[in-house]
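The same chain A turns up in both complexes below, where it pairs with chain B and then with chain C.
And then the complex of A and B:
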C-alpha cells in the first residue's frame, strides 16, 4: 500500500470551529485587562482599572448580590423539587407517568420570551409586585428540566436492588433514601445543581420581563450595552463568565450522564 | 449481598396471601400512592403555577380587547390574531426571524457533523477534552458572547481596525454590525456547541466497524454518509434543527443588540407590545402565532426521523 501524506482536513476544520467558538470570549477577557478604553489592538498596557471600577460601582455590586441570591434560591428549590420528582417518576409506575416526564422537559424547549411574557401577565393580573422573587420563579421553571434530566438519567442507571435490600433489612423509605440512595447519587445532584446555578446566573430572556427595581447582573449588562460601549462591561463580562464556569467542576459527571 | 442479588426478594413480597395480608397490601398500596403524590406533587404544582396557568391566562388575554396601556376589556374577539397575521410590518419581521432561524439551524447542524465525526471516530485520548471544551463554550455566558460580537463587528471594533490597518479598506466598514447577518453569526456561535453535543451523542452508539464495512463494500464517503451515518443519527439531527430553529427565531435579545433596523425579529415586536406599548392582547396573539409555527415545524421535522437514506 502506498502511503502518502494526507491533509488532516477534519482536524483542521474542528480546530477552526473551536477557534470561532472561543475567540470572542478570549477577546472580551483580554480587553477587560486593557489600560485604555479602546477596544482595538495594540494593547496599551495591562491594568485592573475596570475591575476596580466595577467592584466599587454600587450598580454592579448590588446586581451581583441579586444574581447570587436568585441563583442560590433557584438552586435549592430546583434541587429539592427536581430530585423528588425524579425519584417519584423513575421508581414508580403510575398513570400519566410518561406524559409527566415529557411535560417536565417542556420549559427547556420553549423560547424564554414566551415564558417571560406569560409570567409577567400572570403576575400583573394577580397584583404580585415584580421583585427578585418573581425573577426566581422564572428561573426555577426554566432550570427545572435541566436538573430533572440529569437526576432522571442517574436514577435510571441506579441498581434498585441496593434500595430493595435496605428495605428488606428493615430500613424505612426515608432511611433508605438518606443512607443508600442519596450518598450514591449525590455527586450527580451536585453537578446538576451547578448547572442550575450557571443557567440562572446567565439568564436574561425571562428575567427581562419578570425583573423589578432590583436588577440582576445580566440585566445590568444588557441595558448598559444597549446604551453605549462601556469598557467596564468587559470586566463585568469576565466575571459573568467566571460565574457560568462554576459549572466546570461538575462538568465531567454531567457529560457522562447526559451522554448516557 | 450475593444472595440478595439473585432476585428472590421481589418474589417473596408478591406471594399470594391470606386476608389480613391482603388488607395490609391495600394499605401499603395507598401509602405508596400518597408517597408518589408527595414526591411528584411539588414539581406539578410548580409547572402548573409558573407555566401552564400563566400560559392559559395569556391565551385568554389574546382573545380580548385592548383598552389602553396594560388594560383589557373582556369582550371576545379574534381581531388580535387578524392583526398578527395581516399587518405587513409584522410579516416582514416574522419572515426575517424564521428565515434567519432556519438558516442558523441548518448551518449549525451541518457544521456539527464533521466535528462530531472527528470527535467520535478519530479522537481517542483527546475525545473527553474535546467534549469538555464544547460544553465549556456552551456554558460560557451568551450575553458575553453577544457583547463580544458587538465589539468585534462595530465601527471601531477589532475587525474594522485590523482591516484599516492592513490597508484592505480605507474607511471602517459600516455593514458588519446592525443587520441580520451579524445576528446569524452570533446564532451560529451560540448554538453550535448544542448541536455538536446532540449530533455527537447520536453518533455515540454507532460502531466504527459499520462505517468501515460500508467503505470496504465499495461505498464512497458521500454514500457512507447518506446511507449509513445520516439515517442512524437522524434523531439527533432533528433535535438539533428543532432546538436551534425554535430558540433562535424566538430570540429578541440578540437581534436587539446586533440586528439594527433591517435585522428586526418578531420577538422584539412581542416584547415591545408588553413593555413599551402595553398592548397585551396583540402581543399575546403574536406570540401564540409564533408558537404555532414552532409546533408545525417541529412536527414536520420529526417526520424526517423516518428517513432511511437516499
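And then the complex of A and C:
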C-alpha cells in the first residue's frame, strides 16, 4: 500500500511565488513592445518602435559601446592578472602568501559604495580626470576577486603530476603551461571571464563615482528613469535580460566541461 | 664507464633525510628494482634521477656526464608515474606524440613510431581514442608507450602497477619484462611489492629509511639475506631470536624433510655435531651457515615458511632431530596452490606453507612435526633492537632467561 503525501495547494502556492518573482520582468518585456508610451495597462498593441528608438538613439548606442569597451578591457586585464596571481599563489610558498590571498579576495566583501567613494577620492587626489579608464580601473578592482576565486580553486584542484609529466617528456616550463596547463584550465577561466564581463556590464555603484563624460549603459538607464517616464527603458531591459540569459547558458556550458 | 651512476645521493625534506648516501651503479640494459616500504625514499630517488628533484649532496652521472642539476625537460630520461598522468585534453595518439612533437620530429615519422610503440604495449589502433575511455591498465600502457616512444636512455617507473587490479598487474608485470627484453633499455623500477620486484628484475635494491640495506639478484636476496629486514621483507618467513650455541658446517640433510630416526642417540646432538645449533629459548634447533656471529652471540634464525615440512606426529615417533619442532596445527588457510598452516609449538606460533597437492590438507588440532633442512634456516647476527619490530619476527618465550 503506497501512501502519497500531498500538501494541498502546493502547486498553486508555487505558481504564486513564481508569479511574484517574474511578473515584473514579464511586464517589462511586455511593455517594451507597447505601441504607445504608456507604462500601464491597457496594452495598446505590438510595436517595435522602442527597439528602433534605442538602436538609433546616440545616447543609448554610445553608452552601450562604452559599456562594451569597459567590459572587454576589464575582462582582458582581470583574466591575465587573475590567472598570474592564481598561478603564483598556488604554486609557490612565500612569506605573506596567505595575506596576499586574503587581500585579493577582499574587494568582494566591500560595498560598491565604499569602493566607489574611495576610488573617487583617490583619483581626485592624484588629479586624474574621470573617464572610462577610471571606470575600468574600478571594475577591475571589483571583479578581480571573483575571477581569482575561480582560478585559484581550479588551480588547487589541478594535478601537478600532469605538469611534471609534461616536463619529464621534454616540455620547458613555458611549454608546459601553454600545452598542458592552459588548455585544461581554459574552460574554468572562460567561465570566470564571462562572470567578470557580466559583473562589469551591470555595475552601477562604483561606476557612478568614477564615470566621466562618457556614461555606461546602466548609468544612462538609471538617469533616464529618474528624469522621465521613458518606455525605451523597457526595451533596454528586455535586451539586457536576453543577453544575460545567453551569458548564463554560456557559463553553464563551460562549467559543465569542467565537471569531468 | 658505468651507464648510470648514483653517487652518495642525499636529500632532505626539512629535518627528515629522505635519502641518505645512496650509491648505485646500473649497467646499460639492466632492469633494477628499488624495493622497500612506504617512505623509504625510493620514489624520491627516482624523481632525482628524473630531474624533478635535486639532491642536497651527491651526483647523478649518465654515460659519464654529470646531469645532477640538469632540469627534467632536458634529460633523456622518462618516467611512468604511479597515477595515470595522461593529458585529458589530448587523445591517445596525441598523448604519445607529445614528446616527439616537442622534439620537432616529422609528422610521418611520428605516426610510424606511435603505431610501433602502441603495438609494443598491446594497444594497436588506439590512436584516436579519448583518454577518459581507457581502463586503468590500458591507461598505464599508453603512459608507458608515451614514455618509451622518444627512446629515453633510462626508463623510470614509479610503482606504475600498484593502482591496478591483481590480474592486470600480473599481466603487465610479465609484459613489462617482455618489453624490456625487446627494447633492451635500462629500466629503474620502484615498488613496495616484493614479488613484483623479484619476478621482474635483474637486480633488486632493498631500501629502508633512505638507505640501501642490500642489493643483489633476486636469488641472492632470497637465499642469502644480509639482514633480518631483508629476510622478512622478501618472502614469508619465521624469525626467531636466539643465542648461538655452536657454529657448524651445515651438512646436506637427507632428501626430503622428515623426523629423526626413532632410535637416535638420547641427546640427539652426537649425530649432528657439525650442524649449527641455536638456542631459541625453549629449544635448541639446528640451522645453517652462520655469518658474523660466534657462540654466545645473539642471533636471528630466519626460516622460510615454504622450507618447513610437516608430517603427522604419532606416539611412536620422537622429535629428536634438532632441525625440527613438534607442535599442533592451529589454523589452516587454503590459498589454492598453497596451504598456509599456523603451527603452535609451546608458546611459539610459526607459519608453514606447503603445496596443496590436490587438497590433501591437514586439519586444525592435528599433532605434527615440523622439520627443515638445517641449511634452510638462515642464521643472522643481531643488528639492532629495531629488528624485533619487523614483520615475521615472533617474540620469544622467556627471552630474559636465555643464557
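As a working rule, the second predicted complex is superposed on the first by the 226 of 260 C-alpha atoms of A that agree within 3 Å, B and C clash if a C-alpha of one lies under 4 Å from a C-alpha of the other, contacts with A are read in each partner's own complex, and residues count from 1 in each chain.
We take it that contacts are C-beta pairs under 8 Å (C-beta built on N, C-alpha and C of every residue); 3 or more make two chains touch, one makes a residue touch a chain.
The shown structure was predicted, so the numbers you read here are calculated from the model rather than taken from an experiment.
Once chain A of one complex is fitted onto chain A of the other, the partner contacts of A:70 are absent, as it touches neither chain B nor chain C. By the touch criterion stated above, A:184 is placed in contact with chain C alone, chain B being left untouched. Shared-chain residue A:25: touches chain B; no touch with chain C. Residue contacts after overlaying the shared chain place A:209 against chain B, while chain C stays out of touching range. Of the two partner chains, both chain B and chain C are touched by A:161.
In the superposed model, A:151 makes contact with neither chain B nor chain C. Which of chain B and chain C touches more residues of chain A is settled by the count: it is B. Once the two complexes are overlaid on the shared chain, A:121 sits against chain B while remaining clear of chain C.
Shared-chain residue A:172: touches chain C; no touch with chain B. Comparing the two interfaces of chain A, the one with chain B and the one with chain C have residues 161, 164-165, 168, 173 in common. Chain A meets chain C in the complex at residues 159, 161-162, 164-173, 175-176, 179-180, 183-184, 260.
Contact residues on chain A toward chain B in their complex (touch as defined above): 10-11, 13-14, 17-18, 20-22, 24-25, 27-28, 31, 38-41, 80-82, 84-85, 87-89, 92, 94, 100, 103-104, 106-107, 109-115, 117-122, 124-125, 137-138, 140-141, 144, 148, 161, 164-165, 168, 173, 195, 198, 201-202, 204-205, 208-209, 218, 221-222, 225-226, 229, 233, 237, 240-241, 243-245, 247-248, 251-252, 254-255, 258-259.
Taken together, the chain B residues at the contact with chain A in this complex read 1, 4-5, 7, 9-10, 32-33, 35-36, 38-40, 42-44, 46-47, 50-51, 53-55, 57-58, 61, 70, 111, 114-115, 117-119, 122, 128, 130-137, 139-152, 154, 156-158, 161-162, 189, 192-193, 197, 201, 204, 242-243, 246-247, 250-253, 256-257, 267, 270-271, 274-275, 280, 283-284, 287, 290-291, 294.
Against chain A, in their complex, chain C makes its touches with residues 50-52, 71-74, 77-79, 81, 83, 85, 87-89, 98-99, 102-103, 132, 146-147, 150.
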